[in-house]
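Both complexes below contain chain A, partnered by chain B and then by chain C.
And now, the complex of A and B:
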């Protein structure tokens, strides 16, 4: 049985005249891996802080495990959120973090945490302040994995991690997720790194949701058409264009939406090349302000 | 469609959550150097310096130093030396540990109650320790040298008065640091500025009022009548007020 873990309606967070999260609606289903994607400052961390009751919404409704999260112990104990810029108590070391974690997370797996510490080669006795960016990310990743909280957030887990460490995180998360299903929210702007891990994508930009779709659907949802400029332009004339690039007489245009069999045959006959769009490319097209701006103008023209 | 039905939540939270509160005490104590190690090092260093000064006085006066000469050491503030550090501990408990505890899924209420329990336990421990050290200093005639470190200022009348005054002061120091920081965590710099200017304005108004009505002598007379215990009851009252205000302020505070 699946259930809804989070439901947000018109969720808004304002700081003075700045709106960090602007009336977003979304829901998170049980036991799925979500990607909360967007550029720096898009509002990813603010959304996670709202969901974990760390911030109070300015407007809108938010239910996490059926109720408002802030100050509700029975909701909060099901969640784990180590922020990318997490503050730790004075003179804390990773050893202190992992010693106190079981008091807060009832499903804490100490053996798993120990395994991860050696996988990531995390120095246990070094002060948190003295850790490198990658080691700091590893602390958050280890807490997130070993806590096995029903709703776990990973805030920019890849920041500073080397290639081996990224791979370890990827493998361990998938293995452990299969053995102990839970709802995972991964926030990142390094999209290619997590693309294959995600089951659902929520893309935010400037506090608004641009895309809230199944990851498989997103992967096949856009197509790039390349070829001689005039032929390409004629082909995409009445299609939703989300990106345009050109070089001399050649053009490469990205459209939102699938091409059916008939379209593909037509494109082949015109000598156009069709290429799938990666998640990262799609997101660049959707959130790149300059690109989006010029696209709108072109569409209007 | 399952999205319509929200997963039912079994509410297991109790009104009094002993486990949730006690784990905050443990979180504060997991790195024991903050609340215990460093304050004891400060006391130890102040004690050593006091003894060295005593030895210098004795050596400098060629051995004919009187107990009365050394009694001037009663004006040393060495016994209060860890208090300044403990203000900082109160600040850090909220500035750093609060943000961390929220990430670990604590409620603000449980965090403040747990922190208050920690402050109480720490204050009881230091008050008992200082009061006992005063008695030891008296019994050993100033560690055999006539030195005054603990048996100084208002200390030395009896164990219970020493305990009570130390406890009140300790609690005030911790709660002032913590509750002022809750103002920062809730309203940031603007809140701190308003708090600071309000405090200065109130202080100036009080001084002006007392001066204009010419009531300084009667104020000091009042302090005289309530005695040491009375003055520290006022201190304890301020600590309790800080604790209560901090509770209401932190309920809507947000981590940095």
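And now, the complex of A and C:
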């Protein structure tokens, strides 16, 4: 049985004349892993701060567990937000952080936290301000996982974590999510690393939602076609182009759309190269500067 | 995992391959979706979608409270289906590339035989 955990309608956040979040509509379903993706300054963190009651919306409606999140303790108690640069009291050690965690998170699992501490080789008695960047990130990741909050946000949680530590995070997240399903929102730039963990992808750009789709639908939904310019252009003529690159007489064009078996055979017969587009590449195409250029060309044509 | 196709389809195909080569025998139990998810590092919902596809195809069946099992006759059905798609998926690209290189059908047949003896 699944329910809707978050429902946002026309959600807007303005800072003076700058609109950080621009009338977005979306919902988050229970017990799914979401990827909240987009470039720096796209509005991801602002959205998460709105959802966790750290900011008040300028306009629109927002329901988290059926209520406005801000100033509702019963809603806030069910959420955990791990920020990019999480702050802790000056003189705390990781041991202090984990000891006080059960006050904030009713599902806190101390044994799981202990296992994670040893996985990440985190020094428990060192003061927070003496920890390395990666160790500080590990503290946040451990709090985020062991709190088992029904709605957990990880906002770029792994600054300074090496590849091994990041994979420990992915593995533990997946294992624990299977044993204790909950809603997880991952915001990250390391898209290719997390792509397979995600069930659903929400892509934000300039405060608006550009894409809100099942990860499975997104995968393989775009293809790059490369070859002699005229042949490529003829092949993509009536298809939605999202990216275009060229070098002399050669062109490489990315389209948003699946190719069927017949298209593939036709492309092979024309001598065109087909390449899959990863989630990360797709997002680069959708939010990159080449998009504006190509749509203008489209409109002019 | 290859990037071009949905992961759940790739998971279904992997299980099918294991059934075809006999490492998952008919009547035998297949790993749970959570085991697939952990092993392949994919979202459990994705793994479930892959297995559900096989259930819908009648390749595996759910036994309530026990797990998933390969159905009797699954292997033969899979082989038949793969044979039907063999020409379009494998022969067509082969012929296109051969034509590009000026290899005619007789020469191609000879090359196939020679390759077979070597391997």
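Everything that follows uses one rule, which is that the second predicted complex is superposed on the first by the 291 of 301 C-alpha atoms of A that agree within 3 Å, B and C clash if a C-alpha of one lies under 4 Å from a C-alpha of the other, contacts with A are read in each partner's own complex, and residues count from 1 in each chain.
Keep this in mind: a residue touches a chain if its C-beta (ideal position, glycine included) is under 8 Å from a C-beta of that chain, and two chains touch if they have at least 3 such contacts.
Please read these numbers as outputs of a predicted model, since none were measured by experiment.
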item: Of chain C and chain B, partner touching more chain A residues; value: B
item: Which of chain B and chain C A:197 touches, first, second, both or neither; value: second
item: Contacts of A:242 with chain B and chain C, given as first, second, both or neither; value: neither
item: First (chain B), second (chain C), both or neither touched by A:8; value: neither
item: Which of chain B and chain C A:178 touches, first, second, both or neither; value: second
item: Which superposed partner A:100 touches (first chain B, second chain C, both, neither); value: first
item: Which of chain B and chain C A:21 touches, first, second, both or neither; value: neither
item: Chain B partner contacts - residues on chain A that touch it in the complex; value: 1-5, 7, 27, 29-30, 49, 52-56, 63, 65-67, 71-83, 86-93, 96, 99-101, 103-105, 149
item: Footprint of chain C on chain A - complex, ascending; value: 32-33, 170-171, 174-175, 177-178, 196-199, 215-217, 219-220, 223, 261, 265, 268-269, 271, 276-278
item: In the complex, chain B residues that touch chain A; value: 2-13, 17, 20, 23, 26-28, 30-31, 33-34, 92, 95-97, 99-100, 102-110, 251-252, 254-256
item: Complex contacts: residues of chain C adjacent to chain A; value: 1-8, 34, 37-38, 40-46, 49, 88, 92-93, 96, 100
